[in-house]
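Listed next: structures, encoded as structure tokens.
Common to both upcoming complexes is chain A, partnered first by chain B, then by chain C.
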Partner chain A sequence: MKILISDPNKCNGCRMCRTACAIRKAGVCNPEKSRIQVIQMDECDRYLPLVCQNCEDAPCIAACPKEAISRMDDPVLQTVIDYNKCVGCKMCLNACSFGAIGFDEDRGRPFKCDLCGGDPLCVHFCEPGALTLKDSAMIQYDQARTSALRRTVGIRR
Partner chain B sequence: MTTDRRIALVDLGRCEVETFPVSMDLEQRFLGGSGIATYLFCKHAPKMVDPGSADNICIVSAGYLSGTLSAPLGAAVLTSKSTATGLLARVCLDGPFAAEMRQAGFDHLVLKGRAENETCLLIRDGRIEFKEVHGLKDKSLSDQRAILREDVLAAKNVLAMVCSGTIALEVKDPEGIIAYEKKFLETIDEPPALNTPDQDGQDSEIMEGPAGSVDPAQIKQTLMQILGVQRLGLPPSGTKSGGGGKELNFQTAADRILLNTGLVLDENELKQIAYRCIAMERIYNIREGITSNQGRQADDYRENGWTRQAVLKKTKVFDPLRIDDLWSRLK
Partner chain C sequence: MRYFQVNDQCNGCLACVQNCPANALRAEDSDANRVLSHNMARCARCGNCYRICPQKAIEFQFMLENGWDEVKSLELVYCSVCGVPIYTVDYRRTLSEKLGKESEPTCSKHRDEVTRAAKAHFLKKKSPEIKPDIRSDIGSDMRGGAI
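Entry: the complex of A and B
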């Protein structure tokens, strides 16, 4: 299973990902139409890019009265919106814990990140390397390794 | 013909806003950012105005490419007459302000007069609201930041400008710019593309124009301010400032303008636009009376042939620079 990971310690808030996403998906530079949002956190002086997390027990699926959102057995396309069933009631926007679902007012339909079919454009445009597409099995290993490295720095000294 | 970019004339004293679009002619002559800002300043600033008074005007403009994929944050330029030198002065504002300002619907804000009370300008989706603010204690950190960033506006009694917007900025060639910038980022670790050798030869020389000569470094800097690619919040390597390290690559700039806006410009035209912008600034400064006690700046003007006698000629200077409509304002 592929997961888009964002590292707030690397993100410099350049919004390249957001702009690229909006251009690819909507053809215009409009942050409202971007599938990725960069949250500026003044409290700790960090930025955090947020996308659909493809929750296992997704609130958006539970909230949809038309059963238009469903989970697929696919490593990339996990949670998908069926636009034939969607009526644009915006319940999913309300339900999403991350604010990762946006609403296209021109089309009257919600939208969310689809990982660009497995090759997310935002990852290519993230110059500091804050965004990475990882296999879920690798995340645990990478985190453990980073943590181990931090501890060994002290030992080497 | 007009473009979808808009200028707002904000009268702070009377709380009135007048908006009009940037004409195609203006865009072709000055692009945007500090280019149009300097033109607007020369056009609207009263003669021999006291810089600390309410009659002085202040222009905030977003760079030409701000908010596009080439400069997702962009840079805004604040233009006014300086209280310190009495000459035209510019301040560059980094951060997302420029992009948000464009998405809020305005490329240039001309602030006139002085607000009666401490005021905050709220700009959202093409509307400008005047909001009185009393005390700053109950403001959130982000608001205070905005205030600090804008504290040069003290003489106007404007404490903060808040922009946010959802207006879509049209892109001429979406897939084209994605491919271009992607390729650009992939080669970011390679040595930066320099301006081609024969241009570099020219670069070391001083650029001559109808009004006088200008240092090539200043041409590049002005062009960065016009395009809003000053700094992009990226590491100090500055790789995004136009292709060649901190240097601006004219070809890269021209390609980006073409892909983002569809305006076809070549290197010489870009240099001409920057020269025009510098010329307007210098003519304004000469009109306002640049004196020897302004130090190096005045020396620079004299050495490069910028004198009152040389520049204040309509047919020789203003007509070739295509700024003849400013003649009545600057003579």
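Entry: the complex of A and C
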């Protein structure tokens, strides 16, 4: 399984990834149509590029009333939207806790990152090298999870 | 409401029923009454009944009016950060039923769970000390810059 890693310590917030993504995926130079979001954190002066995280227990799948979103057993493409079933009710948009699903107002359908089929353009366009595509086997999830839990324990709602 | 209407001028001659090409009009004689019915799904909106009616009883013009009938009005929920309308109260209820939890109403740009986690990470690790570029021994002007 491939995963897009972003390093907030390297990201300079240029949003070149967004432009590249919008041109490749929507054919227009409109960052609103890009599959990648850049979260700006003024308090600690950092930027966090973010795409669909392919959650194990995905809220978008639970929220979809038409069962149009499903998980696939694919090394690259994990969570997919079936556009033949999708009706454009925006349930997945409002369910996603990352805000990683966007909405195409022209087509009336949501969209999300599909990692460009294994070779994301944003990685090539990232000037400071903050975005990398890694194999999930390389990541120590247990360590990351305990670290994240330790950090977020005080701010849980 | 914009649908087929018949006014009090109607005397029940049933010319409209005879001349409707789409069989959208029906008359039934039951007990003491003759009941004229109209089927919206069959009606081709050709206006034949309106032209043919000798009593000028059919108010066909309501069906040709280019107007909107309000069918539903629901209360809105606004983004708690930027204040743009995102969905309705009923939509939010459906969403929380499906997810099994209530969440803060925010638009997708202000989904801050990740942001808060990341901020907590960076601020705890190394809080950036913002040193003002103003010397305390020198007075500053109203704009905040050193004189």
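A few comments on the model shown:
Definition applied: the second predicted complex is superposed on the first by the 140 of 157 C-alpha atoms of A that agree within 3 Å, B and C clash if a C-alpha of one lies under 4 Å from a C-alpha of the other, contacts with A are read in each partner's own complex, and residues count from 1 in each chain.
Operating definition for what follows: a residue touches a chain if its C-beta (ideal position, glycine included) is under 8 Å from a C-beta of that chain, and two chains touch if they have at least 3 such contacts.
Since the structure is predicted, the reported quantities are computational estimates derived from the model, not experimental observations.
Overlay on chain A: chain B and chain C fit together in the combined arrangement.
Judged by the touch definition given at the top, the superposed model places A:E43 against both chain B and chain C. In the superposed model, A:A62 lies in contact with chain C only, and not with chain B.
Contacts of A:I101 after superposition on the shared chain: chain C is touched, whereas chain B is not.
When the two structures are aligned on the shared chain, A:F125 is found in touch with chain B, with no touch to chain C. In the superposition on chain A, A:I3 makes contact with neither chain B nor chain C.
Contact with chain B, but none with chain C, is seen for A:K33 once the two complexes are overlaid on the shared chain.
When the shared chain is aligned, no partner comes close enough to touch A:L133: not chain B, not chain C.
Shortest separation of chain B and chain C in the overlay equals 9 Å (C-alpha atoms, whole Å).
Judged by the document's definition of touching, chain A residues 43 lie at the interface with chain B and also at the interface with chain C.
Of all residues in chain B, those touching chain A in their complex are 67-69, 72-73, 96, 99, 103, 140-142, 145, 166-171, 174-175, 177-178, 181-182, 185-186, 188, 232-235, 240. Put simply, chain A touches chain B in their complex at residues 12-16, 18-20, 23-24, 26-33, 40, 42-43, 121, 124-125, 127-128. Contact residues on chain A toward chain C in their complex (touch as defined above): 8, 37, 39, 41, 43-46, 48, 50, 59, 62-63, 65, 90-91, 93-99, 101-102, 148, 151-152, 154-155, 157.
The residues of chain C lying in touch with chain A in their complex are 86-87, 91, 94-95, 98-100, 103-104, 107-111, 113-124, 127-128.
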